[in-house]
Structures are given as structure tokens and as C-alpha cells.
Amino acid sequence: MNQNSTYDFTIQSLGECTIDSPLNVSYYTTDTRRVLFNIDLHHYADLKAPDGLPLSIEIAGPRAKIFFDPAKTKAAIVTCGGLCPGINDVIRAVVMELYHRYGVQNIIGIKYGFQGLIPKYRHEVVQLLPEVVKDIHAIGGSILSSSRGRQDIGEMVNALKRMNIDILFCIGGDGTMRAVEYITDEITGRNLNISVIGIPKTIDNDLNLIQKTFGYDTAISEAVKAIECAHVEAKGAPMGVGLVKIMGRQSGHIATGAALALSDVNFVLIPEVPFDLEGDNGFLKVLERRLLLRNHCVILIAEGAGQELMHHEDGPVETDASGNLRLHDIGPFLKARIEDYFKQKAMEINLKYIDPSYTIRSVPANASDSIYCGALGQYAVHAGMAGKTGMLVGLMKDEYVHLPLKIIASGAKVNPEGNVWMRVLESTGQPPSMKN
Amino acid sequence: MNQNSTYDFTIQSLGECTIDSPLNVSYYTTDTRRVLFNIDLHHYADLKAPDGLPLSIEIAGPRAKIFFDPAKTKAAIVTCGGLCPGINDVIRAVVMELYHRYGVQNIIGIKYGFQGLIPKYRHEVVQLLPEVVKDIHAIGGSILSSSRGRQDIGEMVNALKRMNIDILFCIGGDGTMRAVEYITDEITGRNLNISVIGIPKTIDNDLNLIQKTFGYDTAISEAVKAIECAHVEAKGAPMGVGLVKIMGRQSGHIATGAALALSDVNFVLIPEVPFDLEGDNGFLKVLERRLLLRNHCVILIAEGAGQELMHHEDGPVETDASGNLRLHDIGPFLKARIEDYFKQKAMEINLKYIDPSYTIRSVPANASDSIYCGALGQYAVHAGMAGKTGMLVGLMKDEYVHLPLKIIASGAKVNPEGNVWMRVLESTGQPPSMKN
Amino acid sequence: MNQNSTYDFTIQSLGECTIDSPLNVSYYTTDTRRVLFNIDLHHYADLKAPDGLPLSIEIAGPRAKIFFDPAKTKAAIVTCGGLCPGINDVIRAVVMELYHRYGVQNIIGIKYGFQGLIPKYRHEVVQLLPEVVKDIHAIGGSILSSSRGRQDIGEMVNALKRMNIDILFCIGGDGTMRAVEYITDEITGRNLNISVIGIPKTIDNDLNLIQKTFGYDTAISEAVKAIECAHVEAKGAPMGVGLVKIMGRQSGHIATGAALALSDVNFVLIPEVPFDLEGDNGFLKVLERRLLLRNHCVILIAEGAGQELMHHEDGPVETDASGNLRLHDIGPFLKARIEDYFKQKAMEINLKYIDPSYTIRSVPANASDSIYCGALGQYAVHAGMAGKTGMLVGLMKDEYVHLPLKIIASGAKVNPEGNVWMRVLESTGQPPSMKN
Amino acid sequence: MNQNSTYDFTIQSLGECTIDSPLNVSYYTTDTRRVLFNIDLHHYADLKAPDGLPLSIEIAGPRAKIFFDPAKTKAAIVTCGGLCPGINDVIRAVVMELYHRYGVQNIIGIKYGFQGLIPKYRHEVVQLLPEVVKDIHAIGGSILSSSRGRQDIGEMVNALKRMNIDILFCIGGDGTMRAVEYITDEITGRNLNISVIGIPKTIDNDLNLIQKTFGYDTAISEAVKAIECAHVEAKGAPMGVGLVKIMGRQSGHIATGAALALSDVNFVLIPEVPFDLEGDNGFLKVLERRLLLRNHCVILIAEGAGQELMHHEDGPVETDASGNLRLHDIGPFLKARIEDYFKQKAMEINLKYIDPSYTIRSVPANASDSIYCGALGQYAVHAGMAGKTGMLVGLMKDEYVHLPLKIIASGAKVNPEGNVWMRVLESTGQPPSMKN
């Protein structure tokens, strides 16, 4: 993060909170409880908030006074973008917290992401009651289903108004958070009292500021299983090569995590560390040396790695329905290049290509993610009931906080000069650089 | 099986057994203990052996007298063809039985399949001791590695002779069993006293006569996990389609097993039940109806299914190094055809394609397969020590038996008129025929 | 089995089958299709049926003509005795087969075992529809719950009559099958047209004649996990002893299976192989030698083992509500004896006692058991619809058959002179006898 | 934590670091990099360090200059106390970091905890090389084994000196950290240059200051499985009660975590929330109401809960070899009390008691713990090589830090007034208080 940039961690609010919280607990928090943005002893005051105090962030948690009257409140939940372990846990937690602790009984689920707010798709809404969500944490995916793609902001706000939604909980990625920002702006522009709360979701674990995104932990566990299989395959045949492509569009967090959890990977290729294919330092030559030495090899590649190697071959850049840059598929590309290389060398190899992405992202959350999702859902509800809006809940410095939507972006990188990547280099034994 | 064909279940032998077995047990069996080939009350005598008695099969088990002197015996193990859960369990069982019960201490492992018997590959042999194999059942694949491809029979027998191998245990599939047959013939022709015992391996579970091949049970367990993910993916997006390609070159045993173990599959496509893509009864139209009705769909396809749909597009038939017909890849083909079909209909679908084959076949055996492999290895050793040759051990009518190599062939089918397939139809709800 | 005893495998029937089966399949079977009881080439005719033919057993499967008119048929399912993996799979299969293939739409579930047929307990019945049972195979236990204990036979038949039940499917153990026999007799005595079909359940896998009971396979998988933990514990402390008590009231099938699936067990103690505690050959002395040699030890004991060691200490024999002999708890007894022994020797040991029974029996069925349960349920329905009664479905010689209730008994033993036990001795290294 | 107490986070050091680190990285840290102890915007300066600056904590990480010369350094690792998932991961990480990154090749493992430093036990030491530890993360427990109990501090330091150990890495709990403190003091008193670094281990996750102890995450995952079984058992019988005792001597972290990860628990009983058994608000009465309403119940009890209920029955307080208070076993006690209560009421219940402790703590670490352990091991090595001593590595505010041994204590509680416990109450539906 650039130390010179200006941050504004002010959280938008629909207005004054005048209603007594029904929670009746002893541990209410207040908007004045804030944690320092920078916790370094010698730098905590380097960045200042407009009030001149060190830059700080609002703590999440229940407020003694809330904005919405629970008996009259209607809430909605929508899930957008790709699947990720834990979505159902978040849905469950939001419903349970609203219903049992705040007494909000009118909760609906919007089906198929933002499509569900656009009349032409004719998706029906779902009534969400404790009975409905009780056991959904045992199921992968989203019981509300999801969709990609932009929808008309005005139409969506019309729908919220038409359905008398007071609080909208949006579970989605970086792109979804952008849309949620525009929805909030439109609501503010129309002077409506609708709170919009984001719960950030990206299996890639690459959001800036946020300590860990939900589902990442589960993804690592599942990735490890696929890598173990690649290792067995690599050792099972003469000159066996196990090539595993893993999620990670802009970052190698899953790849590095999985490599550190398991010792069987020999090469980790991530977007943060470009590499050459050809040349004496290039990946293919290094791979050849490894194979001649050890007769087998396991390669783990993040989907966003090596994109620059494929650039020259194609026309204009494409994006998917969510506006994500459509990546070239590095998996089959690398497979073909490796096979070609060794064919030219008349060296017989046995390459097995494994792409476990869908079997990773669609499993139920593990216990750790399940607990984490439970907390995120709970804090999202506290924020919504207090009339906060245009914000998301996240974990920073091991504290649950409120963050303005506009500050969040994907793309947080694995530091190629940092301790984590050094441990990967040590674990794999791969050269620090495969550039010529 | 053709009722008119002649069967000969006679097991070849290297000669008379004159050495007392060191087992010293009370449950020795004899070559005269045989089970009926046909156990049907009204048909058991329909087929006759040359001696006029009803056709029957030799029972496996320890013999009181054996052919080889344990103290002077040298055994070798080789694993050929594709990986399959349980190979290491068989290796372990053979070594433990030879070493601890018969006292054979000279056991070697041939690396990389039949390549390991051909000098030019320069693969080293491995000494196999109890200490080496003790924990290998916890690892997938084969500690000896494997390879495909034919090798020169004469050279292989030269190697066996040069290394003074007395018993060769071959773990491999249908193709391997053919090679093992030729090796046995060559040994017989040269009048050598080398016993060759097969332990049949095919994850597809499609060997004739044999009740169940090892690894199949584990494969089903793993396949089920991939299908659960496909189901989650299918339900997670508008018009979601989960397409899973599973092993099964000539038969749909894994596909039917997995579909019966789990209720989430809507279409099972297997080689035994051809289908059309186009036309009103064709698969694509049926799929469309299903999607319009239920908005999501899970399709499970065996790799050998629908091969005829792709025939016209290509040149001469290819085979792989093991001599297996090289199949066209039905997975991507079907994916493309489905996507094209709905694109033409301007109906947006979300297809997720999952090919879990390598992550299925490379896991360690589950407990059930582990026990089964233990028994197979043990019976293989009993047979080898008794000087049997040109045979394999298998399970029939829940009895372990000796079968001549030449009688075994892959390609046993799922009966499209049988009870099992009917249960699949019932479970999936798919039409009995998708032919026009 | 005693070769001199008389067997009668005749299956009772409610009367002639006159209604066309709605299945409309090509693979109907008939009552004349029978498999030989003894399939040994030289002994298949040693035992004769009353008609002078070799003793044989009726094959299960759909009949072209059935007894009950599906549109008017009402079926009930009841689950009795202890939990076992797969009960819900059987329930599911029975409902699906009745409903989808035979068109029987009136199916009820009796709650809490036979209690559910006795008015005073006031348990309500459950309507069982495909929608209700669709996903229950993912849950352990029984959705109908179960109970132990004898109930009045007359009252139960009254209930069946009052509710107009035509077919009663009973899932239960040995004791339940006895009760089912008496229910059938009472029905016959009253001349009622009610079919009673058993699906035998015992996690111990100790029924005579039957190849494998459902749930056993899953039980082994789970037992293996507990033993792995015991092994880790044993190695984790000085003179560590891991003691695992496993199911097996009269037999050591689970213990032997688990020991064969895993190589970490050093002693397997089963009811079939009595042992002494004291004395130079006794278990405690052997254990001491093992500990001094290797510093750790894993002991697996079946709950029915060593009962005779505890006899002298107690009064009259007790039975539980199901009439099962109430066993003394060998686990804590052995734990105390081991600890006392080494305390007297002033030898510090670290014993960790693990009793995983409830966490083994209450998991969902694994894929293999799930498929098996599916078949059992299906064959039970074919039998019931054909008006068979007083029988159960089972697997013998890898064929599904009909067996008269009265022929089935629990208590099938592990043969202490057989191959399986020899493999256990080899795997553990324990002495063949620990009797003085 | 008491806001008035004085903290001193100064880390002891063996002397000036004068040797260039062989790491040659760009991300060295320095001793002046410190994070604030209190990160609250309005309170960060409430507590002051001796230098008048806000209280802060030293950051972990590699230093550019180190104290020990790698080529001449000898390190030792010892594991003490009870097993916990992840110990082997820490051992592996320490060895790999020392060997591959610092070039320390002389690393030994002390067997059986502190016993291994006392000659009379005659435990041999183990040479720890990368080859030895490469795959140990796949195994539960500790490859070095462990022991409980105090040993003579002087004798242990004698042993360290005799073996020329430069750095001792101690993996252990609260009690071990006390011993490590005394060892450090003895070393300091003798003016020896031996660094002693702790890596804190407690599956209970109850250390003050530290965000999360390793193994806790895995423990929750495993506990959840046992609870699922208890739920199945409870629903499987009339008036079924599943009672699960879980780890948690002084705190209910595992119990609350497991209850939050799974929704099937109806009562969570933890040391932090005392309860009565008898009386109208007492647990037994509340349980009775629950059973009458819902017919089944799942109870999760931490081992340290309800100790006061058992006090009156016994003599003097006992401690185990590690000096831990020997707890009364609440599991069987509560089981007996529940059964007595309902027997008196003539209400038949079916209670199943599950104690999964050993099968929880002895599994291998899950992926998340595995990565965490890897980092802890790495940071411990950085600290040791820099000549730090009398400290441990831990995670606080999501930063790895150095903490003085004397500041760490077990017993951190679940706050009975806090958000986490509120979520447990909401999830279980149990009354906030079961005191009269």
C-alpha cells in the first residue's frame, strides 16, 4: 500500500440510531472504538485522519442503539460471482442473527445474484427462516445460487424499493463490491433509507487490507489433496510430470499456501513471479534438469501465472460477464509447451494434467471457515441494524472492522521478496528466478 | 459369456510339489478342491470339463507340498499399466507373505513395469524387505512405478533368467495379462522353471469372470466426491450443468456404481447404451427439457461412451503404448456440443466440466480394497510357491480361485437390460433410450 | 455349519401371483431359478432338498407376476436394534423401488422400532415419500429411529391389521429376525395376507450363510481411523500403550478386518481365540516383552473377547432389552489389569484407552455400503410384492437370494485355524496362543 | 488482562549479533520494529514501556546480523506434554529452516521430552536431517515422542552443555514454558551461550496474548465429527441423549468453537459458566424439559466444566506429572447423574457417552495448522540464530512476535458476557444461566 495515498475510513450512515437494541448485552461497542490503521510503534501516526488523529478504523460489533425497528424491518440476501466454500454459512449466520437475536422475521433470499433483482429474469425470491437455513452449512455452493454479470443499477434499486427492503446483504467478490458501491450511491441519491452491507468473498484471498477471506482455508485443504495425487502420478511413471492448475487470477496465495502445507511440490508458478519458458534459465530447461536428476516432478501453477507468455497469440482483451479480464488458460498451454519441448528432445515424459478448481470451490466450508463465516454474518447484521451502509465487514489485525466499500480492491499480491515466498523457494528447491 | 464356447480352466504347473510347506497350518487346500463354474441348480452340469465332470475352477490357497524351496527362491514383482488404488497393498502383501510365512528373503521389485526387464532402460531393481513395504499401503500409486507399452518377450525372459528369478508376480490389466501369457509361453518353450503369476488390475472393474477388481471400490468413493461438486456447481448458477467424465473405457461400471451410491446424477452415459445427440429423442433435446423443468442438471459420462458420435471426424484408429485403442475424448466433445446447442437456442447455460480421473486413481486404497488386495497378494504367493504358472488369482462366487491367463479378458459390460441399469434409470429419471 | 443338520430353504408365500408386474423388464426371474447351496465340485450334492435335488436356494429378483396390486398396496418400514451405517440407504431404496418402479404410493415409516407398533408408546407414523427420503443416505443412523426390546407379538399384528399394512419391511439384527419370525407365524395363524420381509443388519458381520452384512465395510473404515490414533498415542509417550475396544459381541470380524486393513496393530484379541492374562504365555507377560523390545504397543480388542476372564466376579447373567447377553466391559477391565500389572513391576507405562464404537456405527454408509444397501432394499421389495413372507434377503456366493428367517442366526465366527486369522497373526506378530 | 499490571516485553539476548546472516534477503527486520501492545485509537498509549513510549512488542523475523555462526552451531529440539496436531510440522519447519536456509547441519532431536536430557532414562538422541523430517507432517503425534513431568533443571543444563547445544527449541505447553524459563535462568546464571526458544503448544487454545495456538483448528474439525455422531445417536433412540466430553481444562474454547462450527449441539457446558445440576433452573431440569419437547438432546461438555460439582466427594487436590491439577472426570460423573435423575423419574432415556479426546489430538495437522506450524518453526529459528533467549514466538494482531516466556500463561477464558458465547447461546438455545 502506498504510504502517500489518502485513506478515508469513514463509514456512511443512514442517520441517527434511536431505537434500543433488543440484544440486551453487556458488550455493546460504540462508533468511537477504533483500531489504529498502522500498528507499528514508530509509524502509527504517519497517516492522519481528517480530524488529525492517527488513521484508524471503526470496530464492528453490536450497538446499544440501532437505526431500524426490528419488528418492521425487512432484509434481503444476495450472493454473486463464483462459488466459494462458506457462502451458505454466511447466509445461515445472517438469518439466525437477524431472526433470533434482533427479532427480524422478514428475510428474503434473492436468487441467482443480481439477476434476481431484475424483473425480466423472473427468478422468484425465497423466504429465509431459521428452519430453512438450519443445516445448509453442510452443503457446498449457495442455496440462493449465484450469477455473474452487471445489471442495471437503477432497476435493482427499484426492486429493492418495490419489495420494501431495508437492509441488503451482498456476498460477493471485488466486482460485486463495485456494484454494491454504485447501488449505495443510487440509494443515497434517491434519499432512500436502505442499508447495503457487503460480505467480501474471494477464494483467491487477494483483497487488500483484509487478513483472510472466507473459503481460502478450505480451498487450501482441498488443493492439497489434488497435489498429493499429482505427486503419486508423477512418481508412478517414467519421467512423470504432475501439472496442477489452481485458482489465483491475480495472485498466488492459494498456490503458495498449498505448497507450504505440503512438501511435494517442486515448482510453484504464480502471477507475482514472471518466468521465461525458453533459455538456459527458463522454466523448461530447469524442469529438464530436475527430471534428469529425480525422474519426476510436480508443478503447481496459479491460473493467472504466465499470462504474458501467451499474449502475442491473440487479439483484443476479453472480459467475462463480471467484468473480470478473461485469462488465457495457462494449464493446457503449459502442458502443450512442456510436451513439445521434450518431444523435440526425444525425451519421453509422462505428463498428467489436473485442474481441480471446481472440486475445490464447491465443497462445504471446513470447521475453521464455518466459524469465520458465522462471525462475518453476525457482524454484518450488527452493522446493518445500526443503519451503516456502503460498507463491508472484514477482519484486520485479528479484529472485526467496518471498511468503506470503495477502499476494497482485489489483487493483493504474494510478496516475491517476502518471507512466505522464501519458504516456498526453500520447500520446492526451485530457483529464485527463471528469467534469463 | 457364450454358453457354447469351450472353457478350459486347467492350471499350468512347473512340476510336482515335493517340498513340505513351512506354513504348518491346518487348513491346507488341494488341487482337487474346485468350485462349480455354473452354480445354477438346473444348469450346473450344462458345461463339462474334459473329464466329463461339470465345469469347475481350482480353489486358491496354501498347499501342504510346494514346488520351490523357500531358502533358495528368488521372487520379483512388477507393476504395469495405469495407476489404480491398491497396487502398493498387493506389493506389500506379496512381500509379507513370502518373507514372513514362507521364509523367502530374496525379493526384488522391477521398476517402471516391463521396462525394468529391458537393459536399455537402465532402471535399477529394488530390494523389497518387510521394512521397506511396511507402510506403503498409506501411499497411492505404485512404489515400483509403472509403464505402458510392449517390450520384447525374449529379452524379458533373458532378464528373468539372468537375475535367477523363480517367481514373477505381475500386477497389471488386460494388456499386461496378454504379455504375461506370452512370457509364460516363452518360459515353457525354453523349459525354464519360472512361475509367472498375475494379479489382475483394472479400475474399470470390467474383467470377465472376476467378481470385483481391486481399486474399484475406492474409485467409486472418490468419484462420488467429484459428482457432489458437480451437483453443487450445477445448482449454483442459472441453468447450471455439471458434466463429469469418469473412467470406463469399454464399460460403465464406475459410472453406474457412482450414480447408485449418490442420488444427484440426472444422466449416466455409458458405452453399453448408445445415444443420439440430435433429434427429438436425442440427448440434447432431453437435456433441454430437463433444464427447462429443473434449471440444473448433472451428467456423468464414462470415457468410452459416445465414441461412435465422434467417428466420422477422424482418420485411422490409434492405440496407446499398451495397445489400448486410443479413445476420442468424449468429455470436451460433449461439452462443446452442449454449449453449441444452447448457444443456437440463445439459451444461456453455465456448464462446468470436471475430469477427476487422476485424482481418483491415485489415492490410497480404502479399507475394503486394502483388505482385498491383502488377500490377493497372499493367494498369489500360495500359487507361485506351489509352482503354478500362467495363471492369475481372482475372486469368483466369493471364493478365491486360480484362473488361466488366457481366459481373462476385459470388456465385461453393464447389462443394459439388467437390474443394475434399471436402478440407474430409476435413480436418474433419464429415459431408457435416447436413440431416435 | 454342521453338514449333518437338515436345511430347508423353502420360502413361504401368501399365495399365487396373478397380477402382472408393472416393471415391464426383460430380466424377470422365476422361483425355479436357484443356486446350489454347496458349490464344491465334489460335494454339491451331499445335502439334498426334500425333492431329492441338491440343496439349493431361491434367487432374488423381480417376478413377472406379483401378488399385491400396487395401486391398493400399503407398505411399512421399521428399523430395530442398534444403529449401523446404511439403514437410511435401505429405507431410501425400499421407498424408491416401491414408489417409482411398482407404483406403491402408500408407504409409512414406523418410528422407534417395534415400539411404534404398540399404542401405549404413542409414537406417530411417518409418511414416506421420495421427496422425504431423497437425501437421507447422507445422514447416519435411522430417520425412523430405533429401539431395543421385545414387544407383544399379538399387539403388533393388531397394529399391522388396523393400519391395513400389506407388506412390512423389518431392518434389524438377529434378535429382530426372531421377532419377525414370530410375527410371521402370528400372521399365518390368523390367516392374514401380510408379507413380512427382513433385511438383516448387524455391524458385527457375524450372520451365518450371509456373505457380508451392510455397514461392516463402513465400520472397518472408521475403526481404522481410531487405530491410527491409538498408534500415534502409543508412540507419543514412553512405554505407550494404545488400547482400542471395537465392536464384536460374539466374533472378531471387525477387529480382524481392521487389523488387516492397517499394519499398526500388535495384538488382536477376539472372542474366538481365548487367552490367559497371567502366566508366562499369558497376555500380560507377552505384552511386557513387546514393550521392553519396542517401547510401544497397540492392542485391539473386540468387545466380546475375554469374557471368561471376568466371569468369576459377578452374579447372574443379565440381558439387555433386545435379549442380548449383557457383556462385561472388557475395555476398562483390561485397562485396569494392564495398569495394575505394570504398577506392580514398577514399570511406568502410558496407556491410552479408546472406545470409538458410537463414532463408528453412526456415520453415513460409505459408497460401497450405500450401493449394497440399495440392492438389498430393491430385492426386498421384489420379494414383498411377490407375496413372499417370513424371509429375508441376503447375499450368498455373490448372488442375492431369499432365505427363510428361521435359518439365520448370528454368531458366525472368525476361524482361528483359517487363512484370515493367520494373516492377522502375521501382521501383528502376536503369538498364535496366549494360553498357558 | 489487568490494565494496571506492568508489562515488560523486553526480550533477553545472548549478546551482540556480529555475523552476517546467510539468508541474503531483502526483507530483514530489526529489533526496533515493534507493534503496539494496545491498538485501540484512544488507548494505545495508556500503558507505557520503561522508555516512555507506548508499550510495544518485538516483531519476529530474520535479522541481517546473527549471533551464532551457522557452520559451528548445534541445535536441539524437544517436545513436551500432551500430543497435539502439528508438533511434527513444527519440528519439520525448524529443521528445514536451520538446514536449508541457515546452513546449520548439526541438529538433534531429544526423545521423550525433558526425560531425554536426563541420563538415567537412557533415551538416545536422534539426528534430524531434511531426509528424516521430509514427510513427517503426514503423521500425527511427535516423532520425538513426549513425556510429562518435571526434571532437574541443573541436570538438564548439564546435558545441554555436555552435548554442546547452542540453541534449544522447546515445543510444549504452559508448564513446559515455566520449565523453559527456569532452564534459561540457570543458563544465564552459569553464563552460558545457549539460546532457549519456546514454541507454545496447547490444544485448548487458552494462552493469554496469543491469537491462536497450533492444533486448535484441527481439533475443532475433529471434534465436529464426534458431535455429528452424538447427534445421530441421540436421534436414533427414544429419548436419546448424546453426551460428548471434549478437551478444555480451564476454558471452553474447543467446546465453543465446535458448537459454532456445527448447529447440532443443544447444551455447551464450559468451565467459565458454572451451572447447578439440581433445582428448577438446574441443568437436569432444563434437560428434562428439552427432552420432553424434542425427544433427543446433544450435550457438549469441556473436561474442566462442572468441577465444583464434584468437589465435596474427595480428599486432597492431586496434580499430574506435569503439575497440572488432576481434574475429576466430569464425563462419567455427568452421565451417572443424568441416568440417576431420569431413573428416579421413571423416564426411560438412552444416553450414549462419547469421549473422543485421543482421536482428536493425535491426528495430523490440517492444512491451515500445517502452514501455521511452518511459520512458527521458521520464526523460532530466526530468533534462535539471532541469539534471542528466554522467549517464545507467537501470533498477535496477526503479526508474528517475540514474547518473554514469563509473560505467557494458560487459562485465557471464553468471555461469558461476550459475543462468542452469545452466539453459542443462540445456536444451542440453552438458557443463559443454569444456576438457581
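As written, the chains take the letters A, B, C and D, and residue 1 is the first residue of each chain.
The working rule: contacts are C-beta pairs under 8 Å (C-beta built on N, C-alpha and C of every residue); 3 or more make two chains touch, one makes a residue touch a chain.
Remember, it's a predicted structure, so these values are computed and weren't measured experimentally.
*Asks:* So what's the Cα centroid distance for chain C and chain D, whole Å?
*Replies:* 42
*Asks:* Could you work out how far the Cα centre of chain B sits from that of chain D, in whole Å?
*Replies:* Each chain's C-alpha centroid was found; their separation is 47 Å.
*Asks:* Indicate the whole-number Å distance between the mean C-alpha point of chain B and the mean C-alpha point of chain C.
*Replies:* Chain B and chain C have C-alpha centres separated by 30 Å.
*Asks:* Would you mind listing the residues of chain C that make contact with two or more other chains?
*Replies:* Within chain C, no residue touches at least two other chains.
*Asks:* Counting only chain pairs that touch, give me the topology of the graph as line, ring, star, complete or other.
*Replies:* Basically the chains close up into a ring.
*Asks:* Mind listing each pair of touching chains for me?
*Replies:* After working through each pair, the chains in contact turn out to be A-B, A-D, B-C, C-D.
*Asks:* Over in the complex, which chain B residues touch chain C? Could you list them?
*Replies:* Listed in rising order, the residues of chain B that touch chain C are 23, 25-27, 32-36, 39-42, 44, 53-54, 56, 61-62, 92, 96-97, 100-101, 134-135, 137, 211, 217, 220-221, 224, 257-258, 260-263, 366-368, 370-371, 374-375, 378, 396-399, 415, 417-419, 422-423, 426-427.
*Asks:* Across the complex, what residues on chain D touch chain C?
*Replies:* Listed in rising order, the residues of chain D that touch chain C are 83, 112, 115, 121, 123, 139-142, 145-147, 225-226, 228-230, 232-233, 235-238, 240, 352-356, 358-359, 362-363.
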